[in-house]
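Next up: some structures, all given as structure tokens.
Next come two complexes built around subunit A: one with subunit B, the other with subunit C.
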Partner chain A sequence: MPTILAVDDSRAVRTLLRREVKDLGVEVVEAEDGLQALERLRTSRIDLVLLDVTMPRMDGVEALRAMRETGNKTPVIMLTSESSTSVVDRVLGLGVSDYVLKPFKPDTLKEKVQQVLRSRMAG
Partner chain B sequence: MSDPHETDATPTGAASAARDADLVEVIADFLDEGAEGLARADEILIAVEQGAAGDDDVHALFRVFHTIKGVAGFLELGDVVALAHATEALLNRVREGERALAGDTFQAVFEATGLLQRRLEALREAVDARADLAPDVELPALVARVEALIVAPAPAAPLVTGLAGEPGAAPAAWEPEPVSEPDAGARRLGAGLRETVRVDVERVDTMVEMIGELMIVQAMVVHSPEIAALG
Partner chain C sequence: MNIPSPTTLASIFSGVTRPMLGFPFEVDRAEPTPDLYWRSGVMRIGGATPFSLAISSDEAGCGALASSIFGERATLELIDDALRELVNVTAGALKWRLRIDEQALVVPRVAADGKPPLGPSADTVALVLRGRAGVRIALSISWA
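Our next item is the complex of A and B:
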């Protein structure tokens, strides 16, 4: 069963993420910020990271950069409510699979998660 | 694999969503987190008043409104989104050094904090009573005030008078549209800043979302290695 790491400082959003993907047959583990996410990635096998941008301690962009710098190539879908190119610019070249704008509509995230997992399983 | 009883088929507002167990959990999380965050915002604002707040505190304050906006968006709490979004945008100008968290800006953030606390409490009561959430009569005016502060150009802004610590006016990347004849509504806001139109909230939501998607797609296209290779 694929494992998804849901990273967001809001418990409510993590619950929403869990709810959104619950019928995809995946396991969901959670992290509250970038530092916790990196710890999870070190200790568990993760197939996909859903990564919020604005978080305390370590934000999503820094976490993504740290992942890639340490050779971690796990697919990442960025979750952002910043409808601007700034996030895209900041993660340029860091291998992001997709972006989802918050608040996402039902099924939008699910479809993107399915897509990434499918290509990961195929690859 | 897929659940034939998908509950999203009948989306409802937060206050009447009690049928969906997950959504109830989300609302409970939202109310608890929101209350915690706004209490933290109060503490930070007190620290700001005492001159004891640093950059990290402003970032933390920004995140409080950012988080509330995000979850309220999922819960279709349009008025909460509007106020949290406007306050977040105003705090973003503070973060970027274009505004001091003082004077009218401080007052607006302070009032937004109090109003959101009251709003979340009303939501909690509505959920408990399984009743609809009644609109807050003061909220739209506060949103308008906060929005006026966001667009007010710092040097010639009658809305931000009396700010000893207001930094000099970094010119905005865009100019607010000039208003030919300030009407009563604009005068009420303290300056002839702009005209207003009434647009259905859902339509605005859709538009903002489409613009966001468009900008992200545009950036992805511009930055894609294939396109870069063509240049």
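Our next item is the complex of A and C:
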């Protein structure tokens, strides 16, 4: 069963993410910020990271940068309420698989998650 | 910067609440009453077009908002989390609608002192929105 790491400082968002992907046959583990996410990635096998941008302690952009600098190539879908082109350009430049604007539409999120997991399993 | 009409603000907020809470809001013509400021999620964004946004409700309303997301009885922790995320996503939607592109969102906070979170100011607009089962929220915006 593929494992998704849901990273968001908001328990509300983690709850909604878990609810939206529950029928995809995946396991969901959680982290509250970038630092917790990096620790999870060090200690667990993760197939996909759903990563919020704006978080305290370590935000999603810093976490993504740290992942890539240490050679971690786990696929990442960024989640953000931020439509600012500079933020979107920054995360795309760091090699994310996709990004989803909040509030996410359930079908859009599921479709993107399935697409990334299919590529991961095929590769 | 012109503040959008109440109907437009209700539409922006409903665009957030439909997927998050499962129901929309519409404009209630009443003025916000003090009880609606029981608890507020607040975000202040600086930069070239500074603005502040707050979403407040009374105790029953806050409980209903949080319960709609979490599917369980709301605790203060869950209420604060729900208010922070609602204001965060609404601020993003407002920025997108108003084409404010140069400023990034910040981590929101919760105000729990029972007072209007943006304070009295000529630049502040507060309106009441009504959702399912009589849930009322105060949405406040200031361009100062």
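Note that in this section the second predicted complex is superposed on the first by the 121 of 123 C-alpha atoms of A that agree within 3 Å, B and C clash if a C-alpha of one lies under 4 Å from a C-alpha of the other, contacts with A are read in each partner's own complex, and residues count from 1 in each chain.
We adopt the following convention: a residue touches a chain if its C-beta (ideal position, glycine included) is under 8 Å from a C-beta of that chain, and two chains touch if they have at least 3 such contacts.
This structure is a prediction, so every number in the text was calculated from the model and none was measured.
K.L.:
After the subunit A overlay, clash or fit between subunit B and subunit C?
P.N.:
On the superposed model, which is not a single observed complex, subunit B and subunit C clash.
K.L.:
In the superposed arrangement, does A:D23 touch subunit B (first), subunit C (second), both or neither?
P.N.:
In the superposed model, A:D23 contacts subunit B only, not subunit C.
K.L.:
A:T43 contacts which: subunit B (first), subunit C (second), both, neither?
P.N.:
The answer is neither, since A:T43 touches no partner chain.
K.L.:
Contact-wise, after the overlay, does A:V13 reach subunit B, subunit C, both or neither (first, second, both, neither)?
P.N.:
In the superposed model, A:V13 contacts both subunit B and subunit C.
K.L.:
Touch test for A:L101: subunit B only (first), subunit C only (second), both, or neither?
P.N.:
In the superposition, A:L101 touches subunit B and subunit C alike.
K.L.:
Considering only touches as defined above, state whether A:V88 meets subunit B (first), subunit C (second), both or neither.
P.N.:
first
K.L.:
Does any part of subunit A touch subunit B in one structure and subunit C in the other, and if so which residues?
P.N.:
On subunit A, the overlap between the subunit B and subunit C contacts is residues 9-13, 15-16, 54-56, 81, 83-85, 101-103, 106.
K.L.:
Quick one: in the complex, what on subunit C touches subunit A?
P.N.:
Checking each residue of subunit C against subunit A gives 15-16, 18-20, 66, 69-71, 77-78, 81-82, 84-85, 88-89, 91-93, 95-96, 101-107.
K.L.:
Any idea which subunit B residues touch subunit A in the complex?
P.N.:
Touching subunit A: residues 1-3, 6, 8, 11, 22-23, 25-27, 29-30, 32-33, 59-60, 62-63, 66-67, 69-71, 73-74, 208-209, 211-213, 215-216, 218-220, 223 of subunit B.
K.L.:
Residue numbers of subunit A touching subunit C in their complex, please.
P.N.:
So the residues of subunit A in touch with subunit C come to 9-13, 15-16, 54-56, 80-87, 101-106.
K.L.:
What does subunit A use to touch subunit B in their complex?
P.N.:
Against subunit B, the touching part of subunit A is residues 9-13, 15-16, 18-19, 23-25, 54-56, 81, 83-85, 88-89, 92, 99, 101-103, 106-107.
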